[in-house]
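Have a look at these structures, which come just after this line.
In the two complexes below, chain A is the common chain; its partner is chain B in one and chain C in the other.
For the complex of A and B:
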């Protein structure tokens, strides 16, 4: 745990250094750039609140990918599941008339169901036809993307709008801002806590992690591997769906064209740097959200295009992941040397 | 008849990038690398192709730049996955994300546009009229007059089949994937063979990228590879790497891709026709899985 934290911090710092080099090569001042980045994401009240709100889809899709990868299934379908979850929440928000206390939970349930439906379809194909979920979830992403585009272009099109989008959902389903921070952050923190409980303390979490590390061992040990597979797929799909639903309820309050496109792969990226840990996913989610939020300020203050952050994120992923492997080798070497020294003393 | 020619042409246009990337992927497949970075290599190739063609005023230099760009990506893959022993899957995912980020950033930084860049100054790769066949009435129209890269892709497929199954390098390539320890003990380092396979993959993906941005159209758009790298990966897995099998699968996808263009004028909404290639991938995966289950 401490090792992982150390390699993570070192990796992020190294990546920031490489990013600074890239900036220097382009003729920008890295100190001013990074200062602007921090100023607009952490050290201003509105910026900090926006960072937290932005982290919701990042952390939730990250959790979805983390739990899936840690438990075995290569669920790469977060983008599609997010869209289907958002669509579920939009449908309920548009057509169901209920007071806030009932409509908000119902919308959240619909988003969970939307995401789980999409990942459940992939799980079904795997269980019945042995189709690899790795390719299936990927292809379903594109299908979900075009399907949602059709839904907002034809059946649910807001005739007063110029680009494809739905009408706003019922006001009763809007998640309010509490002191500048959207209430969806609370839902996200709660979901993270539940995931942590599930994976670290529950028996099912233990079974899943064992299956992820060695499916044969888990099967011989008496885990119901197949049933667990379906459960993991459904839960991770629901998490990604929740991300989509909360984006609708907390953000634009309607399904707009291109929703989630920017967050689509970020969840997988976060799970990869976090090495599938729940807490690490949460922290990296916040970090990436900070970078993305700060990018807007960075572009305002300096001339650096906000797309620089996309490059920086990918550099962080590569450096942290490669650094983890190399650092582990260094740690192992040090441990062996210490052991040898102790043995020679005796 | 014109409809038929149009469909054949559209099929080849759709098949070429997938074929090239998949042939590149089959080299790494045989070398035992789980390479999912074709998408990223293709995207960087497409961007560098436009970059070279626009600033150096030559489509040939554009192709060279595209290959160079894809090779840089392959080099990063080698550095992390082969040298530093990072997980191949994670490296691939990170590289694909890096490619999207880098190309959008550079698009903004160099060309000062968001979304897509197109300019009259970009030189496109020309179509090739085959000398003798071109004058034959129907056959000429069927076989001649496609983009240069289409013919390169066909030659590349034959070359790949020859290299993989008929040469010493091909034998070593296959043994690197089949039993790396055995290859190592015979005095040939498997890691060297793997590096070679990644370099070859980079060249093929660079060509695929060049075709995307300089062949069928003359522009670079954000994320313009649009999942073709993933489809080519599926194609490689579906036929267990056989180059001729890949050619058939690519043509099939090309056909569905061409169908998309043809159905655009019909009653079916474009959003549904655009799904066709991805659903076709799922359907072919279904047949593959069914066959595999029956065998075992």
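For the complex of A and C:
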């Protein structure tokens, strides 16, 4: 755990250094650039709030991928599950008339169900036809994408709009701002906490982790690996769906074309960088959100194009993941030397 | 005979984080000798040879071969220099013939880059004749015996004109009857000028075959001496560091009621599993039944059938009177403690912590592990349980949260044994529980087995080690081609008889020796 924190911090710092080098080579001032980045993501009230709101889909899809990868199933369907979750929340928000206190939870449930439906379909295909979820979830992303596009272009099209989108959902389903921060952030933090409880203290989390590491061992140990597989798929799908629902309820309040953007893919990337840890996923989610939010300010203040942030993210992924392995090798080498010295003294 | 061919000087090798596999090891091998390298499992014999062969990189030391310093980075370089090694696991293609396997990688190439079949086959035939190996060049490797496959492995190296042969535990896969033939061939090779380095932990064969013996213990060389000056007791003492008993320690004891009853178990061939044919076993309380057999004759399938990993086509399975023929694995696990043969694959998760490995199955069966109505796992209980395993089974380990693969093999096995035996089940299924352990740990496991017998549990012990079976088992069941070839009372049989059945000598199941 401490080793991982160390390699993470070192990795991010090293990546920032490399990024500074890239900026220098391009003729930009890295100090000014990084200052603008931080100014617009952390050190201004509105920037900080925006960073937190942006982190919601990143963290939730990241958790979805982390839990799936740690438990075995290669669920790569977060983008599609996010869209189906968003669609679920939209439908309830459009057609159900209830007071806020009931409608918000109902919309959240609908988003969970939307995501779980999509991943559950993949799980079903795996159980019945032994189709690999790796490819099925990937393909279902396209299906969800075009299905949602059809829904917002035809049946639910807002006739007053010029591009595909639905009418706004009922005001009662809008998530309010609490102290300047959107309530979706609170839901995200709560979801993170529950995931952490589940994986660190839950009996299921233990069984899932063991199954992910060595399925035969878990099976011989009496774990119901097949049932666990379905549960993991449903829960990780629901998490990605929740990301979509919160985006609708906290943001544009309607399903707009291109809603999911790249959030879910970034989430999968975050899970990889975080080595499937819950807390690490949360922290890297915040970091990536900060970079993406800061990119807007960076573009305003400096001449650096916001694409630089994509480069920086890629560098972080490479340096942290590669660094984790090589740092372990360094630790091993040090241990070897120490041992040899001890031996020669004897 | 006197000039030094290979000189290993001050070799050290550490496996991170802190396993010292070799500590300043110096040995020299003379040209034209059979040199045995003996020691317990984990003493560093194989590692030393892997370092020489370019499979492992040493952390310190020099290798001098024919008077010059060498440093083989890959086995290919070692073979090119004239040193070849045969490993315990054979790496042959069963669908290819003997000659195809032998030439693979160095095929004589004809016009247009095609394999010159005639030249290749003739080349292999000549080698077979030259070394008087009793092999058929055109036989499919999949059809020939394990002993013959081993010869193919040796032939592969001779075909590449190596002058030094390293054999890693070559007799471990052979039956007692096949060993003398191998030894004859090795002696012939030596007389033709080859140098043979022979890794073993079986003392009798070391003394009968080798010219000189080097004993290793815990990564260090204890001694190198002429075999003629040694006795088995000397070797054992040097290997283990103290006196070792070679006798059975079973005390006479009447078996009790039937605990495991497997009746007429049959299975069809699935994937790589061979089928079981009408296998019947009964294990009584206070009794250890040993299962012997050449590897791949249905022992593993029997284990899998009992634990519920492969489906049965017919037969009935009961434990303590409960029919578990169709029960799921969890239901079986409340009655069966199971120590699998492969720790890494079936018995544990190396990446997980010691605690996580120790509590498997208990976390379901023992309600005291639950908190929050079964949703949560009690860390306090899990820690206390892991500490109990540590204490009761003398596991030498750091913190309970350390990773499982930071433990030595013996300690890993102790954690698994502790976990399984603390399930307190009436029936214990052990599949090669001493495989890959050092002599100290093996003795520990044997004591544990005898203790289980005293406490009147029923034990089914699958083992490839006949000495082990003769030491602890009440009866020895021999499996051959998925059938029970013989069921023998240990005190009324001999290694030769068991070996005879292992090769499929007679097919009468349940010989008249039943008690």
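The rule we apply is simple: the second predicted complex is superposed on the first by the 337 of 346 C-alpha atoms of A that agree within 3 Å, B and C clash if a C-alpha of one lies under 4 Å from a C-alpha of the other, contacts with A are read in each partner's own complex, and residues count from 1 in each chain.
One rule holds for everything that comes next: contacts are C-beta pairs under 8 Å (C-beta built on N, C-alpha and C of every residue); 3 or more make two chains touch, one makes a residue touch a chain.
Computed from a predicted structure; not experimentally measured.
Visitor: For A:149, using the defined touch cut-off, is the partner it touches chain B, chain C, both, or neither? Pick first, second, both or neither.
Guide: The answer is first: A:149 touches chain B but not chain C.
Visitor: Contact-wise, after the overlay, does A:268 reach chain B, chain C, both or neither (first, second, both, neither)?
Guide: first
Visitor: So, A:139: does it touch chain B (first), chain C (second), both, or neither?
Guide: first
Visitor: State whether A:332 touches chain B only (first), chain C only (second), both chains, or neither.
Guide: second
Visitor: Examine A:317 and indicate which partner it touches, taking first as chain B and second as chain C; both and neither are also allowed.
Guide: It touches chain B, and chain C stays clear.
Visitor: Does the superposition put A:300 against chain B (first), chain C (second), both, or neither?
Guide: Neither partner.
Visitor: State whether chain B or chain C is in contact with more residues of chain A in the superposed arrangement.
Guide: More residues of chain A are touched by B.
Visitor: Tell me the contact category for A:21 with respect to chain B and chain C: first, second, both or neither.
Guide: After superposing on A, A:21 lies clear of both chain B and chain C.
Visitor: Across the two complexes, what residues of chain A are contacted by chain B and by chain C?
Guide: In chain A, nothing is touched by chain B and also by chain C.
Visitor: Please give the residue numbers of chain C that touch chain A in the complex, ascending.
Guide: Residue positions touching the partner: 12, 14, 16-18, 20, 23-24, 59-60, 307, 309, 329-330, 333, 338, 340, 345-352, 356, 360-361, 363-365, 369-371, 374-377, 379.
Visitor: Please give the residue numbers of chain A that touch chain C in the complex, ascending.
Guide: 197, 201-204, 206-207, 209-210, 213-214, 216-224, 331-333, 335-336, 338-340, 343-344
Visitor: Once bound in the complex, which stretches of chain A touch chain B?
Guide: That would be residues 26, 125, 129-132, 135-136, 138-140, 142-143, 146-147, 149-150, 153-154, 265, 268-269, 272, 305, 307-315, 317-318, 321-322, 325-326 of chain A.
Visitor: Spell out the residues on chain B that touch chain A in their complex, using ranges where they run on.
Guide: Answer in residue numbers: 76, 80, 84-87, 90-91, 93-98, 100-102, 104-105, 107-109, 227, 230, 233-234, 237, 269, 271-272, 274-275, 278-279, 281-282, 285-286, 289-290, 292-293.
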